[in-house]
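Two complexes come next, and they have one chain in common, subunit A, joined by subunit B in the first and subunit C in the second.
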Partner chain A sequence: MWWYVAKRLLQTIPVFIGAVAILFLLLQLRQGDPVLNLAGNKPVSQEVRNAIAAQYHLDDPWYSQMFYFIKGALTLDFGNTFSGQPVMDLIKETFPVTVTLAFMALLIDAILGITIGTIAGLNRNGFFDSTALVISLLLISIPIFVLGFVMQLIFGVKLGWTSPTVGGDWTVTDLILPAIVLAIANFAYTIRLTRTSVAENLSADHVRTARAKGLSNRAVVRNHVLRNSLVPVVTYIGINLGSLMAGAVITETIFNVPGIGNAAYQAIQQGQTATVVAIVTFMVMVYVLMSLLVDLIYAVLDPRIRYA
Partner chain B sequence: MKGTEPLLKVENLSVGFTAGKQVLTAVDQANLTIYPGQTIAIVGESGSGKSTLAHAVIGLLPGTGRVLGGEIQFEGTDISRSSRSKILALRGSEIGLVPQDPMSNLNPLWKVGFQIKEALVANGVASGHAADKRVIELLEEAGLPDAERRARQYPHEFSGGMRQRALIAMGLAARPKLLIADEPTSALDVTVQKQILDHLDQLTDTLGVAVMLITHDLGLAAERADHLVVMYRGRIVESGPARDILQSPEHPYTKRLVSKAPSLASQRLSSVRARAEVREQAVQTAAEIAEEVAQSDAEFGEGRNDIIVAENLTKIFKLRGAKPWQKVDFAAVDDVSFSLRRGTTTAIVGESGSGKSTVARMVLDLLPPSSGRVLFDGRDVNELKSKSERLRLRRQMQPVFQNPYASLDPLYSIYQSIEEPLRTHDVGTKKERETRVRDLLDKVSLPTTVMSRYPGELSGGQRQRVAIARALALEPEVVICDEAVSALDVLVQAQILELLNDLQAELGLSYLFITHDLAVVRQIADNVIVMQDGKVVESAAVSEVFDNPQKDYTRKLLDAIPGASIELGA
Partner chain C sequence: MRLSRRTRLAGVALIAAGSLTLAACGGGSDDKSEGGGGSKSVITVYGTNPQNPLIPTATNEVGGGDPIDNLFSGLVAYNTDGSVTNEVAKSIEPDAAKKVWTVTLKDGQKFTDGSAVTAESFVKAWNYGANPDNKQLNNYFFYPIEGTDDIGNTVKGAKTVSGLKVIDDKKFTITLKSAESDFPLRLGYSAYFPVPDSAYDSAGKITKEYGEHPIGNGPYKLTKSGWERNKQISLEPNPDYQGVHKPKNGGLIFKFYAGGGTDAAYTDVQSGNLDVLDQVPPSALTTFESDDKVKAYNEPGSSFSSLTIPERLAHFGNDEEGDLRRAAISEAINRPEITEKIFNNARTPASDFTSPVLDGWTDKVAGNEVLKFNAEDAKAKWAAADKIAKWDGKFVVAYNNDGAGNKEFTEAMTNQLKNTLGIDAEPKVYATFDELRKDVTDRTIKTAFRTGWQADYPSMLNYLGPIYATGAGSNDGDYSNKDFDKLIQEASAAEGAARYKLIGEAQAILMKDLPAIPLWYQNATAVTAKDLKGFVFNWKQKPDYYALTK
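This part shows the complex of A and B:
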């Protein structure tokens, strides 16, 4: 087990460096003069130009620039925004909102998705199963921005159950509606995955053996069907947490949630390349860490992985 | 032994599966009786309904299966229609099950000990620490050494035989009165099979458990049970004392079974005589071919007498050691030498892990040997550098693999499968190739109508015939059969062996026949190489190995053939 963890941790290093290297490359490929970009396309004097070039190592060879870039990412030093605020401070401000939102969405996704999927899988081709399948298909086919605006209109504006937008002083209750919207797209897939997995496991040989031992139906489902079925589902949901955080841009914009997605969106609109790159780099790191976590949970659930 | 009251009495039982609106009857009007402590065996080929009958008894019919009529009386009460909770109470504590495939019948996510403990807790035998202790006793009782450590391990850390022992411990955990053993050893090596069955016999004897043994092997059934029930297409065609059935079978199906079962047939001298005739003819044809080869320059080989010579073949694999960064050398094949004479069959026999398949792969030039060499008709296989030379070698040597379900591409029609090698080697025009495929199908006794069908529509035996036809498409001189008949039912197995013999006589083929089953060897082979742990233990002519084995290991293998001690009639 420990060797597996160590190996997995070591594997994270090249993945991270690779991802950051690609980002760096994209940054190099962008058009125009970086100094002019930074100064907002106003003419710059030679002294200022030199100072900026020295500050950002612009005259160094590319590998040394890349080294500084990766070093910055590792020490969480991403430079400043246009307004002079360190990008890390911006991330610190906005990231907790996004994390809360993503975890709430994940919770809804996991609890409802697994429960409904399991019931559907246990009663395959029954009424519940067919209904769940049709509804999940509907949910998959509606784009998130349509769903977001419709839910905002119905629950926020018409019914007034929650405030339609979140804004600066957010509370957890404000985030419920955005979290549901964020969860819905993934949730439909979770139902389908769980359902297939449960139905498949239900006819496995070892399940029949468990019944032959004299176990009650409940014990069989709990110990031999559910646990085995959850292995692929947990992997899927775990990977989703990463994409939930990264993919929150649309939802955060619709509901005006002051999260990292929203910050990234605004930075893009204002053409703040450095800030965008910093946020993206940070999200890549989060994503890599999440998939590491998923792999570890996977090993806990399935003993065969630990010894592989 | 027999009590007055039967333990289990099955009366006119019919079981069916619903497919759409149709009801397919899997078991038709079956009758059988088991007394306390008695062992009976149900014999039949796959699809005969023997497993369905067993599953009906324990109330675990899969999918749409249900009892259509008749009664299953367990200790006097009909359980075929009783409530779910009543059957639940019987499972484990009254009727135990040892399932067929040890690889898929343990949950990979739970420790073995936990899975046995479940059976104890569910049936109220023991719980908590007492149950943990009992689990270790049960594992020891099932013949698993080092039971305390083993109980804490996961199924994937067990070998097949060990898993089967764990499943036996599980089936007997709550001391049932009836144990259903559904092909408990068909996935295991013969020697392991013997050990496990011996142990099971002894255990059920001491505990006084009645056993319903389900098997496809008549020899095994007769050796282990005093009462036989023969099933064919859902019906019980014959039942009675084992010896009576073997010595004077009545039903035509049983007669065929008795005459074809390899474990029984291997004792017959008739199979030796038949083999000698085949060999004589094959060697003659092969000699003619060799002469042609020797004279023509276009052919690949030199027309030697020994078509394949393996010299000191060794294959070393690097395995992970105790520490993650260490590597350990593992000699899968260790200094193996043999030669295959034109027109004859050499069998390589061994248990799983003996390296026999690795030898086959090296001979086929699919795996480079670590040292040693393979000569095909006088030419070193490894020295062939150009692609065209290799292609020519491949034409001369074709494999037939074990699992006909996996070795045919499911998306290729039978015609495409057989024609593919011809196309690869640019043989003939489209028209000629079609004629050739028809010819080949005819040779393996399949109707040409199968050409447009797909592997999924054929039975196992038919598929193996297709695989043989494909192997013969390029007119090879050597066919390497890697467990080519192991996955087939007894009668189908006999047919395929017969076909291989006929083809050998007609075409002068040479076979390298890899198998774990000594029983079939006498029907097909002339020379035997016995392998153990990568080394050759014994190498001699078939009659010598069977009548006068030199090594203990060979003797052990021979002993393990089920039914060896049974006297036969006519």
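This part shows the complex of A and C:
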């Protein structure tokens, strides 16, 4: 099993290089000159333009930019942003709030989603089930920014229960509202996935056998239905953590959360190639590690899965 | 102890999850900024994370510019109406020809580190800013001074600007390339601020540390927490400050809003988390003046929007055909319709090339009827141009999609052109501002494009010379007219009514040639907390931060 983990970790090296290459190639497609963005409406001399471009390797071909980037990455030096902040510091500052936000959303998603989904699955076609299905359909169809602005207006501005924005001095309490918004779309899918999975397992052979053995209903549901039903749900939720962090861009903007999505968005706007690559590569790595984690949890849930 | 396989797996998973959570505990420090200043309250204002180090000559965007304006004092300070008062300077005297200016400094001026503000503090900082080796974005501001090229760089090979001479500790002279009677008006801009000796390292470069925690001589200084990246910049009153902008509040906090921030900032003003937002988001433009949770401000401002049709485009040369076609396009645009329907009256249709907030502005510029919607005349002029050379193809207007309202107004404008002139017209999108500017700056753009100007200093001439003079730094359309150049130069040297008369004549030439077609003035809009007092827009469309109280 440890060999399996080591193998998977080794695989992250080509993923890293591949991600960096794709990112640099994609960013090539972004036309424009970041230096002119810095200059705004004011003229900037060719000399200054060239000097700044040289400092950030802006005019080099993508493969040599990539070379500088990987060379720096080996020593964990990802260069500086235009304002002179090391990109590593930027990630260190912004990542914690995004992770906290994503985990809070994940927690809401998992607890509510699995609970409601299980109850709905056990009472298939009952009143609770139908209501849950309709509500989840509604939640799926509302775009996240609509939900974000509406909830911000209601709970932040009108009712004043919580601060409508988060800002630099963020606390976990400030993040509750954004986390709920972020969780809602995913949580609707989790309900539906759990419900179907539970309903299917209820009529499976091993459950019938368990019932035939005379086990109590509670034991049957907990040990034989739920655990088997959770395999696809865990996959979904685990992979979701990655997309929750990426999807946080919109939520972070609405609620002014100083997270990594916001930082990436600004860097893209300003054409700060190295910063964008560093942040996105970092996210790719998080995603890869999350999927490894999910694969390991599989084996915990399903004894038939073995890693060698 | 023998662990089951499953327990071991769970262990690995837990460790992995644990390390992620540990990484998450790094941030979220909650040290409160020490505002100080007795019972006076600290005002929180809208800001964005500065894009450059906080060095006066390196910062030209508002995120860094607003804090810098409060951290430093120049030779002169701007009053609310755009006139100037001597600040660090005791006197700024020209010679008879208005070419050599002698600056004498007041006694006892200090930086917040205790060192004295001397003539050298200014001259060294300006030399530093003008030298292209130092990559300072504001070097363009030094172009009027002898010893720099058209764009403000020190002339080839020189490390210093030859027009700057230190006489003694308290006195220096500035020699200009040509006579300019309102030169001191420029000197309140941040590019002209002094920098203390402690900012430079042994190689003569301004250090990274200084750029993060600048030491100035202004109304405010940084608090101990200072610039917290991606969070805020906190300022407290500078107790040694003797100038004209003595803070009336207990400090300022520029709270950063990232991404699409003004929307979030607006909600914060509504709910009392932010005191001042000096630009209302487009989403709130229709409602902000009737919103009872905030105080609203809306008045004509100092930024100017135009449409530039470069002379190198076919049919738009500097000849009769080009003039007719430009005039036809200008008359085919219904400005009031666009400012009302698309901008909710947060723009005011333009009647000249400058801005209504400036001294000497008038709506009676000769020939400005070309800026009025007149479908008949537009058609007639277009037809007259067609007689010279037949029009073919498409009229395309480029815009950048990252600015609010650009897409909407460009679409509306090209539709108006289509309907009025009966030609094929369409917008062309650039995703970001710098993508558009790259094609414009490199002269590779093959279409008309939107342009804008925000003044560097409060003078009508700043809206004319830098944009339309031959070879000027922002002359995106490569316009050149000897008569115009001459009038501008004469106006620079003239004073009073004579000056405004010359400016009027220069504008009349522009009305005829239309190197850029004036569209509208952007209004200054703001919302503040209900209990905030002392909010007034200055000529820069910014509040006078020192005067804010609550």
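Heads up, the rule we're going with is that the second predicted complex is superposed on the first by the 238 of 308 C-alpha atoms of A that agree within 3 Å, B and C clash if a C-alpha of one lies under 4 Å from a C-alpha of the other, contacts with A are read in each partner's own complex, and residues count from 1 in each chain.
The criterion applied here is as follows: a contact is a pair of C-beta atoms (placed from the backbone, for glycine too) under 8 Å apart; a residue touches a chain by one contact, two chains touch by 3 or more.
Keep in mind that this is a model prediction, so the values were computed, not measured.
Enquirer: Applying the document's definition of touch, where does A:52 land relative to subunit B and subunit C: first, second, both, or neither?
Expert: second
Enquirer: Quick check on the superposed pair: does A:205 touch subunit B, subunit C, both, or neither? Answer first, second, both or neither.
Expert: A:205: touches subunit B, not subunit C.
Enquirer: Quick one: classify A:303 as touching subunit B (first), subunit C (second), both or neither.
Expert: So A:303 meets both subunit B and subunit C here.
Enquirer: When the two structures are overlaid on chain A, which partner does A:271 contact: first (subunit B), second (subunit C), both, or neither?
Expert: second
Enquirer: Tell me the contact category for A:9 with respect to subunit B and subunit C: first, second, both or neither.
Expert: neither
Enquirer: So in the superposed three-chain picture, is A:22 touching just subunit B, just subunit C, both, or none of them (first/second/both/neither)?
Expert: Touch status of A:22: no partner.
Enquirer: Is A:138 touching the first partner subunit B, the second partner subunit C, both, or neither of them?
Expert: Touch status of A:138: no partner.
Enquirer: A:150 contacts which: subunit B (first), subunit C (second), both, neither?
Expert: After superposition on chain A, A:150 lies in contact with neither partner.
Enquirer: Have a look at where A:74 lands relative to subunit B and subunit C in the superposition and call it first, second, both or neither.
Expert: After superposition on chain A, A:74 lies in contact with neither partner.
Enquirer: Looking at subunit A, does subunit C or subunit B touch more of its residues?
Expert: In the superposed model, C touches more residues of subunit A.
Enquirer: Do subunit B and subunit C touch any of the same residues on subunit A, and if so, which?
Expert: Of subunit A, residues 303 contact subunit B in one complex and subunit C in the other.
Enquirer: Can you check the complex and tell me which residues of subunit A touch subunit C?
Expert: So the residues of subunit A touching subunit C come out as 1, 5, 30-45, 47-48, 51-52, 55, 82-85, 89-90, 92-97, 99-100, 103, 149, 152-153, 156-157, 160, 163-165, 167-171, 249, 252-256, 258, 262-263, 265-266, 269-271, 286, 289, 292-293, 296-297, 299-300, 303, 306.
Enquirer: Can you tell me which positions in subunit A touch subunit B when the two form their complex?
Expert: 3, 7, 203-206, 208-217, 219, 223-224, 227-228, 231, 301-304, 307
Enquirer: In the complex of these two chains, what residues of subunit C are touching subunit A?
Expert: 5-6, 8-10, 12-13, 16-17, 20-21, 23-28, 30, 49-53, 60-61, 64, 132-133, 135-140, 149, 151-153, 208, 211-212, 228-232, 255-261, 263-265, 267-268, 270-271, 273, 293, 402, 430-439, 441, 451-454, 456, 466, 472-474
Enquirer: Flag every residue of subunit B that touches subunit A in the complex, lowest number first.
Expert: Subunit B reaches subunit A through residues 58, 60, 62-63, 88-93, 96-97, 99, 101, 104-110, 115, 118-119, 122-123, 154, 156-157, 167, 170-171, 173-174, 324.
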